[in-house]
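Listed below are the structures to be examined.
First subunit A sits with subunit B, and in the next complex the same chain sits with subunit C.
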Partner chain A sequence: MKTGILTKPEIQELFSSMITKNGEESRIFVPATIEGRVILEEFSPEREIFYDFANFLRPPKGIFFPQREVLCSFEQERAVEVPPAAGRIIIFGIRPCDARSFLFLDKIFSAGSSGFADPYYLGRRENSVIISLSCIEPSEGCFCTSLGGGPGDESGSDIVAFDLGDRLLFEAHSAKGENFIEENTTEFRQPDAADQNAKKESLQAAFNAISRISTDGLVEKLDDDFSDSFWEEITATCLGCGVCTYLCPTCHCFDITDEKDRDGTGTRVRTWDSCQYPLFTMHASGHNPRAEKKQRMRQRIMHKFSYTPRTTGDVFCVGCGRCVRKCPVNLDIREVIRKINGE
Partner chain B sequence: MQNPYMPSPVTIEQIDIENDLKDIKTFRLKFEREEDSRRFNYKPGQFAELSLFGFGESPIGIASSPTEEGYLLFSIKKTGTVTSELHNSEQGRKMGIRGPFGNSFPWDRMKGKNIVIVSGGFAFTTLRSAIIYMMDARNRGDYKNITAVYGARSPGEFLYKKELKKWQQSEDIDLTLTIDRQAEEEWDGSVGLVPSVLKDVSPSAENSIALVCGPPVMIHFTVPVLLELGFRKEDIILSLENRMKCGIGKCGRCNIGHKYVCVDGPVFTFSELEKLQTE
Partner chain C sequence: MIEVQNQMRILASDLIRQKRVDFIIGYEQGTLAHTSRPCIIDVRTSGPEVSEKLVWNSYCSNNLSVYLQKFFAPPVQGRKKDAAPPLRIGLIVKGCDLRSVLNLIREKQVPRENLILIGLPCTGMLDKKKMEINKDELDIEKNIQDSCLECRFSNVKGVDFEITGKTREVPGDLYEVVRLFEARTRKDRLAYFEKEISRCIRCNACRQACPSCYCRECFADQKDMKWLGSGTMSDTMIYHLIRIFHQAGRCAECDACFRACPEEIDLRTFTRKLAKDVEELFGFVTDFNRESIPPLSTFSSGDSDSFITEPEEGG
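Take a look at the complex of A and B:
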């Protein structure tokens, strides 16, 4: 495994030099603060990388799967293809849980799932490098370790970086990651024993702070037909706002709508959508297979913990805890799982 | 990479009003580019996404048969934004099409079998495709008896009246048409709802497969009749119409249990659906 150490100012310099390098343009996304909020923002040399945060409010899926994007434009009743912007994408500083979510999204948007590949998502994703940042202080609501992840987990990351205070330890976990370190090898120093120790300690502290649920045999348990009243009870206070799905790094449902100007030109756009809205499944006849809240929440839980395990082999939850923290009525997905477990 | 979201350009060549209520029209579409036409290989039971730019897309079952070369047919009921705009369209209008999508009727399994077709209302569209396909001289030998029961509210509400007339006179298909209740117009077909007429026709379940397309109530009462006649659950074939957007298993809305109707369906056996509905 290729490894390397950089001080925080060196990282700032490295990214500044990478925006345009060898004639190739890169869009680099880094943690930054804007008006007191930590967000994943496009890097420029003036933008200072921010390290003191737990996680971003928004999941990073929007970089590859924007909340709103134009699929094609049209004029004179003819569609014109609008390809996604070319160029390399480097994402630095997302948490390991979110890096892991990309592996799941990859399965949905590649041809493997249905025979159709999604050129918009894949066009961006294929030319990307993911450098995740291990967790030091997990938040209330995090439960990644129950779902196969962890504060220093490498799945989905080309490189995992460990914050050791004034410096970062980089570990490559893919050919892309190795190349990245190789290409910039003059800047990296080799880690020593003190660096490795500091990494271990920070990981252990984070690990201990993460809440746990049991997912043993969950797919089989969900095969039992839970009664309507089970789902009704769980969703009694749900507002149907959809926040839990918009903020979820693995939720990928979308809508397609046309926007037209007076002169007849316009665009076909794709926007994030949510299974928590009744119109999502409303038939043209007015019939709705998921007309009620309890049916829609059941869909959300079943999709993540029963359907995708069958169709892709993965539970579509990385335990990032966003839905736990941000649900306005504190509907906690961990509690739902515990109830299904009979706890 | 082929972009599955990009519609291919087609022109509306012809528009026919199908019924007395004038809310169902059949659109005959022709590809503008020869290569798109060649690539659009379909089997009866599949659907396509029809595009009117600025209005949106609608999933519509393909009513023509691959044996009818050079054009595609879609019979469309005026419902909402896209379908109303289609109804306002005139011959010559340019639009877009994506597809073909979904599975089809189980053509491999249907070979060598008696085929029973049961339909009500305007859901007959993909069954028109299936009948034309089987009745084609190149294919007819692959299937044994073809029996069809098709019901409509009144005589004027049947689709494809020209074809129905031809089939009524044909030796190759045993077609029963039925209307819900006695009409004021002249009517020499059956009177009664599809499930009870099906019971009267009583097709043998021996070596048979039934294709059933119609409104939910009709299906609800037709399946028990077929089971009673001895059809196995896996030999009763149904087609679903869930709300769709992408048509390619990505947008997440058309699922029933762990299957997507747009790619794993729209055609399912009754036994598959029974399992999926509890998921």
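Take a look at the complex of A and C:
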């Protein structure tokens, strides 16, 4: 495994030099603050990388799978495809839970599970380097360690960076990551024993702060015919908004609509959709198979914890805790799982 | 507060014992720190001891009246003759919740006779975000939600049961935030609106959390006659403009929309501006008067039309 140390100012310099390098343009996304909000923002040399945060409000999925994307434009009978944006994408500073979510999205948008490869998602994703930043202070509501993740988990990351205060320890976990360190090897210094110790300590503290749920045998438990009353009970206070799904790093459902002007020109647009909206399953006839919120919440839980484990082998939840923290009525997915467990 | 909580629990258990309610809607302990959350208890299947679940503290922000309308909404096929009688709901209310309930009653969405309103004294709810920022701040006033700082209705009126206690003093300036907003140029105000709205992810949380947003089919969701496109900035602005304008003379300024918004978009300034306009132009306030007619439900030839201006004017 290739490793390297950079100080924080050196990282700033490295990225500044990478926006255009050897004739190749890169879009680099880094943690930054705008008016007190920490967001994943496109890097420019003037933008200072921000390290003191727990996680971003929004998941990073929008970089590869934008909330709104024009797929093609048309004029009467003629359609013009809008090609996916080209160029390299470097994402720095997302947490390991979010990096892990890319592995799941890859399965959905590549030919593997569906038989259809999505050129828009893959066009961006394949030309990307993911450098995640280990978790130092997990938030209340985080539960990644129950789902195979962890504060320094490498799944989905080409490189995991560990924040050691004034400097970062980089560890490559893929060929892309190795190349990245190789290409910039003059910049990196080799970690020593003190660096490794600092890394271990920060990870342990973070690990201890993360809440846990049990997902053992959950697929089978969900197979049991859960009475309507169970779902009704847990969704009694649900408002029916889309916060949990839009802030979820693994939720990937979308809608495609044609927006036509009077003159016959228009665009075909893909937008995020949410299983929590009644329109999600509304039929043209007016019939809605999931007319009630208990059915919609059941879909959300079943999709993540029953259907995707069967179709892709993975639980589609990374335990980032966004839905836990941001639900306006504190409908806590950890609690739902515990109830399903009979705890 | 603990005394109010005790009294509330006793009252709730009495109501259950006397079989005067079918449901009680109140607050329970949440799963996160500094969090209370709504709970809807079906007391037909539980004993009076269930009232021990109810809590009352400075985190009971949610406007519970948002859950009322669905209990009384007519079924899609129309109400059957032999249908069960409408349910009786016991509802815990603060001043803002109560004013939302009264709005629902005025607009004939909820029958007053099926409600048992339990009014609690409110000293203002705490804002988790402010608490995070003011980490070492022990001054509670600094962590009170903005909506509570400008509230003049913390003393409930016209409820079935009132638990008395300390409430908030009526503030001197009710519209401080709006006045600052009004002082800006039109261009500036539009820029501010655009800047705030640009963070919207169209999760609909503002609409869903609002007790006044009860349309069976929101204009934003209509497909046959589509008003909104797929989420350009212009679509998002239309969504918010219409949502906000539909609140004229109806909004109880409880800030449920603002609290629900994951992006913390300042929806408050805009609804508050509307409240001020309605008060100044039409003399209407969403207060505790059940009989008043909201301005959107009536008209008079003497109504103010000073808000109709030429687009270029006043820039």
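Criterion: the second predicted complex is superposed on the first by the 340 of 343 C-alpha atoms of A that agree within 3 Å, B and C clash if a C-alpha of one lies under 4 Å from a C-alpha of the other, contacts with A are read in each partner's own complex, and residues count from 1 in each chain.
FYI, a contact is a pair of C-beta atoms (placed from the backbone, for glycine too) under 8 Å apart; a residue touches a chain by one contact, two chains touch by 3 or more.
Since this is a predicted model, take the numbers as computed values, not measurements.
Touch criterion not met for A:Lys339: it reaches neither subunit B nor subunit C. Within the superposed three-chain model, A:Thr271 lies in touch with subunit C and out of touch with subunit B [touch as defined at top]. By the touch criterion stated above, A:Arg189 is placed in contact with neither subunit B nor subunit C.
In the superposition on chain A, contact is made by A:Thr257 with both subunit B and subunit C.
In the overlay built on the shared chain, the residue A:Glu140 is in contact with subunit C alone; subunit B does not reach it. With both structures placed on the common chain, the touch criterion links A:Leu57 to subunit C but leaves subunit B unconnected.
Of the two partner chains placed around the shared chain by superposition, neither subunit B nor subunit C is touched by A:Lys21. Of the two partner chains placed by superposition, only subunit B is touched by A:Ser306; subunit C is not. Contacts of A:Lys200 after superposition on the shared chain: neither subunit B nor subunit C is touched. Of the two partners subunit B and subunit C, more residues of subunit A are touched by B. Subunit A uses residues 255, 257, 282 to touch subunit B in one structure and subunit C in the other. Here subunit B touches subunit A in the complex through residues 1-7, 9, 51, 53-57, 79-80, 83, 93-96, 216, 241-243, 245-246, 248-258, 260, 263, 278-279, going by the rule given at the top.
Subunit A contributes residues 71-72, 74, 76-79, 81, 108-109, 113-120, 122, 225, 252-258, 260, 264, 266, 268, 273, 275, 280-285, 287, 289, 299, 302-303, 306-307, 310-311 to its touches with subunit B in the complex.
Partner subunit A is touched in their complex by these residues of subunit C: 30-33, 35, 37-40, 62, 66-67, 133, 201-205, 207-209, 221, 223, 229-232, 256, 259-260, 262-264. Across the complex, subunit A meets subunit C through its residues 36-37, 57-58, 67-68, 140-141, 236-237, 239-243, 246-247, 255, 257, 259, 269, 271, 274, 277-279, 282, 324-326, 328-332, 334-335.
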